Structure formats: structure tokens, C-alpha cells
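For reference, chains read A, B, C and D in written order, and residue numbers begin at 1 within each chain.
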Amino acid sequence: MNGNEFGRLFRVTTYGESHGDAMGVTISGCPAGVELSVDDVQAELDRRKPGQSMITTSRGEPDAVVINSGTLDGYTTGTPIGMVVQNKDARSGKYEPYVTAPRPSHGDFTYSAKFGTRNWGGGGRSSARETVNWVAAGAVAKQVLEQSEYDIEVKAHVNQIGDVEAPPVTFEEMLEHSEENDVRCAHPETAEKMMEVIEQYQTEGDSIGGSIYFEAQGVPRGLGAPRFDSFSARLGQAMMAVPAATAFEFGLGREAREWTGSDRNEDWEFDENDDPRPVGNKHGGIQGGITTGQPIYGEMTLHAPTSIPKKQRTVDWETGEEKEIQVVGRHDPVLPPRGVPVVEAMLYATILDFMLLSGRINPDRLDGQVGEYDTPYHPSSPDNE
Amino acid sequence: MNGNEFGRLFRVTTYGESHGDAMGVTISGCPAGVELSVDDVQAELDRRKPGQSMITTSRGEPDAVVINSGTLDGYTTGTPIGMVVQNKDARSGKYEPYVTAPRPSHGDFTYSAKFGTRNWGGGGRSSARETVNWVAAGAVAKQVLEQSEYDIEVKAHVNQIGDVEAPPVTFEEMLEHSEENDVRCAHPETAEKMMEVIEQYQTEGDSIGGSIYFEAQGVPRGLGAPRFDSFSARLGQAMMAVPAATAFEFGLGREAREWTGSDRNEDWEFDENDDPRPVGNKHGGIQGGITTGQPIYGEMTLHAPTSIPKKQRTVDWETGEEKEIQVVGRHDPVLPPRGVPVVEAMLYATILDFMLLSGRINPDRLDGQVGEYDTPYHPSSPDNE
Amino acid sequence: MNGNEFGRLFRVTTYGESHGDAMGVTISGCPAGVELSVDDVQAELDRRKPGQSMITTSRGEPDAVVINSGTLDGYTTGTPIGMVVQNKDARSGKYEPYVTAPRPSHGDFTYSAKFGTRNWGGGGRSSARETVNWVAAGAVAKQVLEQSEYDIEVKAHVNQIGDVEAPPVTFEEMLEHSEENDVRCAHPETAEKMMEVIEQYQTEGDSIGGSIYFEAQGVPRGLGAPRFDSFSARLGQAMMAVPAATAFEFGLGREAREWTGSDRNEDWEFDENDDPRPVGNKHGGIQGGITTGQPIYGEMTLHAPTSIPKKQRTVDWETGEEKEIQVVGRHDPVLPPRGVPVVEAMLYATILDFMLLSGRINPDRLDGQVGEYDTPYHPSSPDNE
Amino acid sequence: MNGNEFGRLFRVTTYGESHGDAMGVTISGCPAGVELSVDDVQAELDRRKPGQSMITTSRGEPDAVVINSGTLDGYTTGTPIGMVVQNKDARSGKYEPYVTAPRPSHGDFTYSAKFGTRNWGGGGRSSARETVNWVAAGAVAKQVLEQSEYDIEVKAHVNQIGDVEAPPVTFEEMLEHSEENDVRCAHPETAEKMMEVIEQYQTEGDSIGGSIYFEAQGVPRGLGAPRFDSFSARLGQAMMAVPAATAFEFGLGREAREWTGSDRNEDWEFDENDDPRPVGNKHGGIQGGITTGQPIYGEMTLHAPTSIPKKQRTVDWETGEEKEIQVVGRHDPVLPPRGVPVVEAMLYATILDFMLLSGRINPDRLDGQVGEYDTPYHPSSPDNE
């Protein structure tokens, strides 16, 4: 509704500006009984943290999360989980020249056009810093799914930077290799080429676009609420909300336009349980807006970062001047490497939401024992000592 | 959806348990350009704060609020306002006896029956401590309304405690007297009697019910979304969410059952602007679910606090024992006095939500200058120095 | 949001004006596999139909419902159920005098103040005719609940008309007697007195208020989403949306203000399954906003019908004239008798919504066999012949 | 929530299966005072109607819409607009072989896996027939926008079929040429080639994919609710809900991955009103999730129709047999030509929703005269004769 909330039953509400006091996320609708520690969340935050490598901004944010509510003795209680990450290394001064002279292709002008004002330091609310909240929420969704009786796994990797494209990789390769290199590409040789390209643009004071391939395995058949809330429509919303996203594709994606029905259609066969199964997965795990049980996969395109040291031109709406600007500051030369945990988080959150909506995971409690009372998670319980 | 969110365009999301680390509220959908300081919010929080008088719990909570986001240089920016109140004086130990032996008529058992667990210290999420979030949200709504071009005012007072009932008072009397005494009754003599009654029950280790009369003046005609979201239906939801509420009435309320149509109906006359106006206000400001422009008024009944030192009986579901309990701790002997700011907050939030939904106050910005960009609220602006 | 929708998972969307072409209701979120026929719905519609007796309007509406979608061979398919009831006996001519001269205490003025226009025939959208949609939706909810593994029953009756009040009745008495008389009071002697009172007011060209007592048995413990969507808050919204509602109470209701904590609190005992159970039900089946498993009960006050033949005064905003009016037409002298099925419908819809939200009834399908495919309900299946 | 609703303030709720009795759509939240006739809606329905040409299914549906509510004397009243389209030419018999033997790449299996059953005739709820509802809703949105003070225009055309791609066309060319040929391509020579390709696949008993280019002009700057409800995220959801959609792109779309920041970024210049304007529109009208005032444009990829006469293989889950099927029936060999009005409808609905959310168009009434009453649209008014 107001842009700061995502999900229907697993509801994520966020706040925070890049140079505000703190980022915050509230998760309303996380089932009770999920083991959840600060470390579970912190581990994911560390993956998107700035300053991890040469190709990420040098902003010195520890991104230390605190959990203010919703857990007791290491387990969720079903009540909302409030988390806060303080902003530490905000240096707004550098942004003063842009207050009324918008940076090219940023949200500077549009935020001011919508609200009449904006928190201009570091891009304010339009900054990708907001995704710290999303990753925190995704970390919680991941815990719920991992502790459920389902065996759902999500992974993403960077499959293209500029014109350097990785060959297709398996899910196992993604699991094994995507976190090995700074660019988060699961194909090591391609990763090296990508690094070269990135460093070259960085040296030139420029930036470059790229894309992320994502995949979810183990998502059960039958998820998705046709029609406006089909699995693909909701995933489309989630992914197009990712900063700098300009394209969302699943299955054959854009290429499907050149395929015939007979080539794209997939016959049905019986699987090992004598259940119907499509013979292939060109459909990307979704038919009629509902999951088939095959892996869900697709791609996100992220445009090049708009903050570049190269000279550009803008206008100052207060003074009426045209002027030259160079966006100095601490910026990523490319977005997909840090976007990987963000895309994974949105995928986790979307899947969990559909799992709750279908009753596969009980919305009140992970153990599904509706109406059974118990309160074991307290200091005097031997289980917790 | 998940119980932790209120409103459609002015959206309030909360978290926190009585003895958790902190209470938190996110307001998504507050228009930009509203002057808002921590003091504005703190002033309202101080009104519901514990330890104000003999008849409120002695829990030592400073209830100091911090605003983590959504404002810049004292004005809202249109982005979500995140606020946090740390819990300081939580002493959970006293609650250990109740972990598996529910206190009579509390939410102890029902929370455990829903979630299988609960944060049992101080009542956890079911505690009225949660209303600190609501009052903070109401304080923001109040600022928006006060700075709008509308002249809307809200006030409530305690009109009954036990069998001590205040005579009808005017809106002006509420404004003048309701904050003068600890019981928040606008009729001074009745307030004294109420105090006596309360102190007597307190001495006896008992508690007593009561009620709050509320009124909103200046609400323009034409608000309310028939039919399920009529003004009365949404206000009904808001008010029945108040802890301990057992009845919601507006206009003649319950009494309307004994009135004839001819006595209750109100003829139309022309007002000073030659607009139709009902000759009276037995309808309570709402006809057909939509506001008439007359004051909106009604009553909330709050049952007696369930935490009482008197001996009661319970059962321990873990040990299978029946046992006697006395709920010691720091508790209010009566709820309405501290409920007054809560009821006002919910009324403010409800009114603002309808004002935004009707376009009377622009959802993006208070000045309504849609599409106009400006960014004056920064340190270098002379207006802000 | 826009007032024409109710529920979160069991979503009811309605349209229609009193003298428009048709009333319509869409139910989105009804689980698949529920046996549902037109007759199931029609039976409930017949209970609220006009022209049933001397004390209901003589408008000749057959209220014949058609189901346009969502069922196959007598079972729901999980897709939205679209139902339509044509309006047959609309005679708008009589309403022409009120187009710009609002009837006292109707929605005439407020609808025009909100929208600038209105369908003025018969009260248009503000007419209680809209509740035909609600009753249709409630009939579906009732079928779902009856066919679930839960044993949930809902009943209401008229417990007061004017100053004639029925003594408390049992649930069984409601089931047995409430449909025996035109006034729908489960206490036969009181029903007779009520009839006398109603007929007297009718003779005088007047109308009278009244109230409805409702009760739900078998609602399991643990339902309700604290805090803004507590069971009582959502029920409050549902009930306050009923046309002419001015008060909603549950448990002790308004009376709770005069009770001490020690009198109102209920000790816990073990029930026959060794589960904790409150020793009484002064709490009305809800504690901390969540159901206890005890019956949920309460009262709705409905003010007197505003359409009365007695002379009243109004103003015509077009001509600037003050004038006298007599609202002739076909009107009920009292609302509760026809309100009984409406209140029951809203209670059914609210309970089912919470049952789905808690996963007790699977949102996709009544049998809860998630991910299992089957399609037995087709003509060639022997089960359906 | 349940998949049958779209939009926040302009809410569209639909029902209907391909071979059910009727399709239905309810629009809740359309402002009052909009001139709206059955013809306005019918004109758009006729554009997506089957049987228009050789390359569309020969199913003989007149698709005659009726408006059951929400208008009076040709103007909307602000109350919900209920519309119904009867299904006439449903021949379910042909679909019997597929009841338990799913057609390749249809929703047959997934719907059964979700609900355990499905209305199997003609694809039931998963059929693109559902989009008749969307086009009806879009027709209403279009009227609202056209009668507003804004000059917003939407148009789409088919820009690729198989490997036949149209060169870029101007908005004016789309307006002028896209409806001239059966394939709805605004580039006449390409249209001819597309027709040849389509007919060839049709002859071979096959089908082919394609894409739709869409553009919206005149959308004001400042629309979009960062962050999850950014303009691009919501448009992504809307477009990915279109049957057979596998990719959504805006601006440079997928290509953006190969662009540098310096090439993609657009300097700011002053426009004729001395407002900042980007020097180009590679950003596709959206920056930071909010509109810039530049045209919004993008592409939708629709995969080839899955219903093809070619022999395919499936399994029957009831009999356990593997078998060969040929999907005879009346099917489109390509989707984009009939998808053009659907894409336009979703774009209109999305834009209007954001216009209402920003207060640019008043949610209650088109004239924005909040609180002013009037009721001019009745038979005795000279304006309506």
C-alpha cells in the first residue's frame, strides 16, 4: 500500500534512510517455535555488507543487528520480530551539492517530486541501504523454511556483468562456488573475467550493469494464488522492487518469444512416486501461475550504478543554474555481487508467504499443533539450559 | 492481517512485549512536511506512562522514545517513521509461577493455545504495555491533523468507574478538566468520588471496571467508506482492539434500542452556510456509515484489570496441579485513566486514515502540492535555522 | 479499503444498490471441495427476504440467487464464487422528493456529501438491501464450517424490542424457538409482547429500536490475531458494519464497567480432557483478544428504522426550501427480526476467516490434502451421478 | 491475497471460469461522477473478443457486458461497479479426455494440485478467458483517466512474433496503425510478415511466442510508493499476471546489463517550464521506483499458446496410463494480438491506482469537490435529458 510492506501472511515492514539514525524491519506473521538467533540474521547481513572487497563501497558499516522482540530463549514466539541496524558511517556533507541539483538517474528528483522533500544524505530512503532490512527478513524466512518439514533451498549467483556472461551452472555449482569470489559468480573462470571488467570500469570512473540468476529447489507443487497473485506475479513484484531492477524473467524468459508451442511444451511422465511430472523445466517451475514442483528459476537484470565519478551535467532547481557534477563518495561499480543476498532474501520471503497461505506451514506455529498449549521456552525448562 | 498493523493509508505496525527489549512502531504513510519532534511524541507518552500517581502501576519506565527515521530537521519526509521505546524496568522473575499456570482471565492461556509458547514475562505481547506504540502513532496523527487546514480536535475522559458515573460534560469541560486529576474525569466532584472508590478496591486487593467517553470535533462531513469500512465499523475495530474493551457504542449506543424512530430521527435544517444540518446529534456524527459533520462521540467500556492480589485458583498444565495464586506485581487497579490517551490515539489515527482516503489531506504531502519538488528542510536552508 | 470488501482469507466483495439492477457478491478464498448448492444459499436468503410477515416491508423481492462461478457439480472448486440476485420490485418514483431533500437520519445527505451524487432510489447503496449479499456470503461460510471437522454452530435471536426484554435463553432454546415467530425471539411469551409493541408503533406510523443476542458454540481455542486483529476487534468491525448498529458488546459488555476484578475473573479448572478451562464464561469466549474455546456471545443494538410515515421536516438544498416530508414506501417498523440472519452471517464469515488464518481449515481445500491432485467432480464420475 | 483482486484504491475483483456460467468483475473504488456507459466497456471487450480473425479462436462469444450497479443515468456514483459477461459458447465435452490427463504446459495439473479439483472445461479458471474481466476493468480506468484533468494515454502493440521483430515505432504510429491489422503490429510491413509466420505455424498444428511493447504518455512525475510498491514493482506484478507472461522489462530492460553507467545515466536539463527533465528516456519513465514524467515503456514476453493440435504425450493419474493427446478445440496460434488490450487494461488500472493513491485524482469523486453535496444525475434534471 505505502510501499514499505511486503507479503501477505509473512509481512515485512521496513523503515530507514541511508544516512538516518537506523534501519529497521518488523516481521509480523512469523510462526512461533522457530529457532532464531541474532547470528542467523547477522550471517546474512554480513554477505551484503559494504566494504567486503575492492568492488564494494568502502563505507564502514558494521551492520550489527539487534532483535528487539519476537523471540524468547532463542525461539520465535509468534509475535512480531522487530530488528534494528544502526547507521554508523554516514557522511552526509558530501551530498549537499545535490540537495536541489539532482544526480543523474538517481531517485533524487523523483522523491522530491513525490514528497516535496527528501532525506538527501546518501540517497535517503531511495538508497540500496534499505535492502539491509530485506536481507534480515529473508534470513528469518530462511530459518522458517529450513526448520520446516520441507526441503526448500534457494541460491543465486551473478551470471552476467557487462558482456561477460557465465555459462549455465548447476544448483550444486552455485552452492559450491558462488561465494568463493568477490563477484559471486559460480563459474570461477567467468568470475575472473568479470572482475577484470569491473576493475576496468571502476578505474575509468564508470560503472556497469549485470544480472543475477536465481533458483529455488524443493518448492512443492500447488503454490500460488491465481490470478493476480500467481507465483510469477508476486515474484515479479518482489524482484522488480530490488533497486536498479529493469527486467524480471522466469523459465525461458524473454527468449520464449521465439519458441514454438511444440518446442516449449513439455510432455507429462510419471515420476518415481507415480505422480505426473513434466519431462523438462523450460516452464521454470510455474504453470498457470502455480508451482509444478520443478525448480523455480529466472533472471534479474540490474542496471549500472548511477553514482559515478565521471563528469555529468545537472540543473539546480533552486538557483536555476545548469552545472557539472561528479558523484564522489563510496559507491559500488556494479550491483549484482551485493544483490545476490538481496535476491535470495526476496525469494525466501515470497516462498514462505505462499507456504503459509497454502497452510503447508501453519501460520501460527511451526509445529502445526493448533490449539495445543505449551510454553517450554523458558529458563527453567531443561531443554533450554 | 496479522494483528500488528492498523490503518489503510496511515499504517501503523507495532512490535514488542512487556518484558522484551523494546517496543517499536513504524508509521508508513505519514505525509511529508509535517513538523514533528521527539517532544511531540514524548508528551503523549508521558500521559500514559506508568507511575504517574497512586492509582497507576509503580513500574519505573521512563518511556523515552527515539525516532530512527522518517524526519529531517524536524519535518516528516514522507518515508516511514520508525520509533523505539526501550523497556527498562522489566522484572520477569515474578511471573515464573504463571508460565504454565495461567492467571485468571489474562491472555496467558490463549496466547499459549495459539502459538504454543509465549513471552510470559509481564504478560508479554498481551500486555497493555503495547499501547505505548499506539500512543506514539496517535501523537503523529494528531500533529498531521493539527497542521492541516482542518480544525479537528479529539478528547476523551473517564465517565464511569464502578457505579460512579459522571454527568454529561461539554467538550470544553473535557479540555479544561480531564487532565487535572489522576482519574482523568472532567467532572471534578465525580473525579473525587472515583478516586475514593478506586482506592477502596485497591486496598482490598481488588480492581474495578470503568468507561471512557470520547468525542471528536471538526471532523468534516463525507468521511467513511461504506459499507464494511464505514466510519463506525472501522472505529469499532480500533476501539475493540483496546485492551480490556468489552463494549463500543456511538451516538445513543446501547440505549438506542429503546428509542422510537420519531424520537431518534433528526429533522434537517439549514446551517449558517445554508448547508443541511441535522437539528441534533443523537446520531453521534455518523449516518449511513459516513460522517455528517456533527461531533463524533461514543463510549468504551473497559473491564476491571485482571491482575489482582486477591487469592484466585488456577491449574498448572505441566504438573497437573490445581493451585492458588495471588498476582502480585505492579498493576493498575483500574484501566480507564491510562486508557484515555490510548482511546484518543486510536481516534486520531482512524480520523487521519479517513482524511487521507478521501483525499482531504494529501497522502504524499501535507501541502498537497503534488508533483511540485522542493527540498527546503536541510541545514543550509534559512527557514530551518 | 473501499468499504465493499470484508475478510482477509475468506474475502467477501459486494456491489449493488437498493433499486439498481442487481445485487452481487464475490467470495474469493473459499476452499475447494465444499458441497454447495444454490439451495443452501437460497435457504438463508429466504430468512431475511422482505414480505415474510406483517412486520416486514411488503416489497415483493423473490431474492432468487444464481451462482455464476466457483462450483462444479455441486462442489466448490477453490476459485471465486460469483453470485447475483436481481432486483425485481424497485419503484424509485416514490423517492424523487428526497433527491435533494434528505430524509431524516438516513444516509441520503452523507452519501451525497461523500460522492457528490448517489443512487437515490430506495436508499441506493446505503440501503439494508445490501445485506442480501452478506447473507449469501454467510451461507457459504456456514457450509464450509459445517463440513469441516469442527463442530461450530452459530445462532442469534432478538432479545429486546423497545423496553420489552427477553430473559436469558439457552443456545438450545435459540435453535428451537427463534424461528418460530415473526419477531425471531427465542422466548415465546416475550415474542408475543414484542409483536404487540411493534404493531402499536407501526400503527402510529412510527418505528422502534431493538437488539440481537448472538452466540457461537464450538469455536476452538487459539483463534485471533493480536492485537489490532484480535477476535473481538474484527468481530467489532463486522458487527458495527451492520446497518443501524449503534453498539457492540461481548461477554459482560457495557455492564463490565461495574464489575470488580475478583467478581469478573474466572479461575481455571481442568476440563474432561485435563485441559485448562475457565470456570465460567463472563469473558464471552475471548481473553487477550484470542478465543478460549468457551462460547462467544454478545449483543448488537440496532436503532429504530429511520423510514417512518410520521411527519418530519427537511430542507431542499437545491431549492433552498424547508419542507415537511412523510417517508411513505414499504418499510420495516423494526430491524432486529430481519437482522438475525445478517448477524449470523457476519459471525460465520468472521469465524471462518480466523479458522483459515490459523490453518485449522486449509485455505486451498477443505480436505487439507495439500499438493494432492484429484479431480473427481465431473459428469463421468459415479460419485456424481 | 487470494489472487482474484488487483489494486489498492482502484480495486478490481474477478470471478469466472472459461466454461462456467458467467465471468464477473467488481470495481470498488471508482470515483463518482465519471461518465460511463455499457458501450465504453463493450468497445474494449470487442477488441479482445474471440473470433475476430483467422488467427484467433473461433469460439463464438458475443462477450456482451451488463453493468449491474455503480452507475446512474450514465455516471458513476462512487459505489462498486458490478459487471457480468455471460459465457455462451462453452463446449466442455471436448475437454473430458484431459480431466485426469493434464495437457502439456497448461494449468491443468497445477490447479488440481492446489485445489484437488478444478473446473476442467476450457481450462476453467486458468483460461485466458478471465482477461475479459481485466479488459472491462481497464475500460473503466481509461474513462476515469480520460475525463480527469490529466492527459494520460496508453497504447501497446505487438513488436515481435517468433523471430520477426518490428523496428521501433513512435507512440503516434502505434495509435494510428496498431489496430489496422489482425496481428496488432504498428509497423504494417512487419505485420504482414508476422501474419505469414503465424499462419505457417497454424498450418503445422503448432503455435508461436511473441511480445508486446507498451507505452504510457502523460503520466505525471511523482507517482509510486517506494519501495515494495514502487511503480515498477506494481507494474511488474500486473504484467506478470497476464497469462503466458514469462518476462517483464521496462526502459532498457534486459539489455541494461550491458550498459555502463555513463552511457545509461541521463543528464538533467530544464524543460520549457524550467523544471528539471532528463535529457533522454533510457530509464523508461521511472527513477528510484517513482515516475519522472517521461513516458513509461517496456515489453512483455508471452510464450506460445500451449493448446496445439500436434501430438503430445501425457499421463492419466487416475488410470495410470501414459497416452498421446492432441489438443483440438478452438485456440489462438499466438497470444500477443489479443493480449494487446489486456496489457493496456493492466497499465490503465495500475496508473489510475497510483493517481488515486497520490491524491491527484480524488478517490471519492472525479471533480474533487470533497464535502460538497449535489445529486444532479436524476431523470428530472435538465442536464440529463
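Just so we're on the same page, contacts are C-beta pairs under 8 Å (C-beta built on N, C-alpha and C of every residue); 3 or more make two chains touch, one makes a residue touch a chain.
Quick caveat: nothing in here was measured; it's all calculated off a predicted structure.
> Between A-C and C-D, name the chain pair that shares the greater number of C-beta pairs in contact.
Here the pair linked by more C-beta pairs in contact is C-D.
> Need the most distant chain from subunit D, centre defined as the mean of C-alpha atoms.
B
> Suppose you list every residue number at the subunit B-subunit C interface; are over half of them used by both chains (same) or under half (different)?
Answer same: the two copies use largely identical residue numbers here.
> In whole angstrom, how far does the Cα centroid of subunit B sit from the Cα centroid of subunit C?
28
> From the C-alpha centre of subunit A to that of subunit C, how far is it in Å?
44
> Can you check how far apart subunit C and subunit D are, centre to centre, with Cα atoms defining each centre and the answer in Å?
Each chain reduced to its C-alpha mean, subunit C and subunit D end up 36 Å apart.
> Can you list every residue of subunit A that touches 2 or more other chains, as numbers and ranges?
Correct list: 1-5, 8-9, 14, 79, 109, 113-114, 125, 221-222, 226, 275-276, 293, 317, 358, 364, 371, 373.
> Which residues of subunit C touch subunit B once you look at their complex with the stated criterion?
1-6, 8, 14, 101-102, 104-111, 113-114, 125-126, 130, 160-163, 201, 206-211, 221-230, 232-241, 243, 245-262, 264-270, 274-276, 278, 283-284, 286-293, 299, 301-308, 310, 312-315, 317, 320, 322, 357-358
> Would you mind writing out the residues of subunit C in touch with subunit D in their complex?
Residue positions touching the partner: 1-5, 8-9, 11, 13-17, 20-24, 26, 28-29, 32-33, 66-70, 72, 75, 77-82, 84, 96, 99-100, 109, 112-120, 124-125, 317, 364-365, 367, 369, 371-380.
> With touch defined as at the start, can you tell me which subunit A residues reach subunit C in the complex?
Per the touch definition, subunit A meets subunit C at residues 9, 79, 220-222, 226, 275-276, 293, 357-360, 362-364, 368, 370-371, 373.
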